[in-house]
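Below is the structure I would like to discuss, written out as structure tokens.
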Amino acid sequence: MAHFNSAHRLFNPDWDDAKNFEVFGLCSNPHYHGHNYELEVRVTGEINPDTGMLIDLKWLKEIIKVEVEDKLDHKNLNIEVPEFQKLIPTAENICIVIWQWLRKSLDEQYDLKVRLYETPRNYVEFPAE
Amino acid sequence: MAHFNSAHRLFNPDWDDAKNFEVFGLCSNPHYHGHNYELEVRVTGEINPDTGMLIDLKWLKEIIKVEVEDKLDHKNLNIEVPEFQKLIPTAENICIVIWQWLRKSLDEQYDLKVRLYETPRNYVEFPAE
Amino acid sequence: MAHFNSAHRLFNPDWDDAKNFEVFGLCSNPHYHGHNYELEVRVTGEINPDTGMLIDLKWLKEIIKVEVEDKLDHKNLNIEVPEFQKLIPTAENICIVIWQWLRKSLDEQYDLKVRLYETPRNYVEFPAE
Amino acid sequence: MAHFNSAHRLFNPDWDDAKNFEVFGLCSNPHYHGHNYELEVRVTGEINPDTGMLIDLKWLKEIIKVEVEDKLDHKNLNIEVPEFQKLIPTAENICIVIWQWLRKSLDEQYDLKVRLYETPRNYVEFPAE
Amino acid sequence: MAHFNSAHRLFNPDWDDAKNFEVFGLCSNPHYHGHNYELEVRVTGEINPDTGMLIDLKWLKEIIKVEVEDKLDHKNLNIEVPEFQKLIPTAENICIVIWQWLRKSLDEQYDLKVRLYETPRNYVEFPAE
Amino acid sequence: MAHFNSAHRLFNPDWDDAKNFEVFGLCSNPHYHGHNYELEVRVTGEINPDTGMLIDLKWLKEIIKVEVEDKLDHKNLNIEVPEFQKLIPTAENICIVIWQWLRKSLDEQYDLKVRLYETPRNYVEFPAE
């Protein structure tokens, strides 16, 4: 589990303000709002017989820190994160971007699944089961 | 319990950027960041013998909605909430402002305490015990 | 996540009281007992490229309110919910009934899974993975 | 922490049905509804220097089982619990009744406080601080 | 859900102390350290039409108590649990051992999955999805 | 909130093994067992008008790391922590020792309260309200 606090705004530039408000409601507020995101990372594979462990958890936490927390924590997603220049920073898209960042660092022998809680009561998961 | 998602920035206009960063760190990011705030409201008093209840919970929830959630949810605290034009929107100050808003609506026979979680692991409470 | 509070009694009318008590224990109490049920609804599918979202969460919450909460909240399941006239209102059966109610309202492009917590430590899920 | 599941109905026999519904809303449903109650018991006092413990936790859990869980779990509070023949089983009153049951069993050297969660987001506490 | 508190040490006897510390860090402390393990057991299968239940939960809890809690709770895993004489008691290996213990007691008609939380923020699951 | 994982044994050297087992039960296991302790630190005082904050949270987290986590995490309390050479490492005594460690580092203008969870369902707090 990792977490990060970010500001974002849901806004499709191809639509006018009225259409954006109709679809995204308060989430289209031009002054941004924010969330404490909680991230759950699931790695699947074979256990290493020498260590009795699937993966080095310290290494995994470091990767999550470098690849996710340093890029997103205390950031304005729309303005400061290049991936969301053209991609609307919905929980769904943030989740996929995080999966792509982690997938690059993870050995091919492992499967990877990412679950992102935008609030304690709503989450998205990628890939779908 | 109520919750609201807001963007904020910690910044003292009497200080230069370097001093603000030194004191507030990443929280002084000029592009804002955000939180899911969780609010716990504690009301103390005598039980009404007719209802067996201390207070009408539906009424209390409505007051919290009108006085807190509608004012703060999906808002940028620094820009959109008048109380934080001159007051830095730290968790401590947000908590006191919420207490003041609720105190006005609550009958004098009740004591009131407000606890505000900025993250699940950090909270502030007003008044102190 | 949605929640509702209901009373129920586990009772198979084909058995006598002794057999019902033997199988269901305290849960066969003729005066009913109750739970705070917590519901987790999982929807799987393709992300809409215009919104960056899988599904309109406000719409989904409204459907859950109409199809589940309004039918079950503060109800006696055995007496007041037609589906449990002949079906024992175990967590397993409640979960399947909820799945059927939601499935009807949900577009075919989405997969649906429902998890029902009868207590924070026990849940059932339908369909099985 | 202990927990118990009970059915109850909020109803003041001095009022007619319309008045009861106006005050208690869905909670006055004549067919009962229910909750998973969670109980938090706080005991304050001096640490026993021989054991380094305030109180024997096994003993305390047994008392809570006998004095609270056995009396309330899987019960209909209005019908099956004598204390609620004349007292409306609101969370406030249940909390006080539990405090009275435990207070009798607890040595005078200890202070006692009881917090009762009717849902994870609403609790009552007795005595008030 | 079940839980148990155990002490353990991560140590591969084929390696010297320096290598063990390099791989396992503080977890190789020769004086042991400990955890509150939380166990989540998932059983999948057909619902019994007579009871409306998948499985008798009281029976399942008893099996978990006998097969898991009695063997692991308040134990030193390295010294007192035969399965970990030659197997390093990592969360991964503890999870598999628990799965094997429960699998033997469970009728073949059921599928079984075990999730073990070593801390509230880290878990392992067997078998992988 | 901070957490640490430790092994301990409850044992009064003035008593024989039978008496220790009678009083402490499984907790007197000579091979040790362990817990994930969770620590909640509450600081009370005046808000600094320049920062809008009560205390510098980064500083407080660092003090908790140095004064508590580094001393207790992944340690055997009975063997490796000098304070518990003569003091039985019950949750009550660990809580007081932590309070003493933190009290020394904290400016006199602040009040301090420490709550220690030995499991998610049991905690001790010092000082008592």
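By written order: A, B, C, D, E and F. Residues from 1 in each chain.
To be clear about the criterion, a contact is a pair of C-beta atoms (placed from the backbone, for glycine too) under 8 Å apart; a residue touches a chain by one contact, two chains touch by 3 or more.
Source: prediction; values computed, not measured.
Common neighbours of subunit C and subunit E, by the contact definition above: A.
Chain centres here are C-alpha means, and the one lying farthest from subunit E is B.
In terms of residue-numbered contacts, C-E and A-E present the same interface, as over half of their contact pairs agree; the other options in C-D, A-E or E-F do not. Rotation relating subunit B to subunit D, from a C-alpha superposition: 120°, rounded in steps of 5.
Two chain pairs, B-F and C-D, are compared here, and C-D has more C-beta pairs in contact (counted per touch definition above). Averaging C-alpha coordinates per chain places the centre of subunit B 42 Å away from that of subunit E.
Centre-to-centre spacing of subunit A and subunit B amounts to 27 Å, using the average Cα coordinate of each chain. Between the Cα centres of subunit A and subunit C there is a gap of 30 Å. If each chain is reduced to the centroid of its CA atoms, subunit B and subunit C end up 35 Å from each other. Within subunit F, contacts with two or more other chains are made by residues 129. Applying the touch criterion to all chain pairs gives A-B, A-C, A-E, B-D, B-F, C-D, C-E, D-F, E-F. Those residues of subunit C that touch subunit E in the complex are listed here as 10, 12, 14, 23-25, 87-90, 92-93, 96, 121-122, 124-125, 128-129.
Only residues 1, 42, 44-45, 47, 50-54, 56-58, 111, 129 of subunit F touch subunit B when the two sit together in their complex. Across the interface of their complex, subunit F is touched by residues 3, 5-8, 26-27, 29, 31-36, 73-76, 79-80, 118-120 of subunit E.
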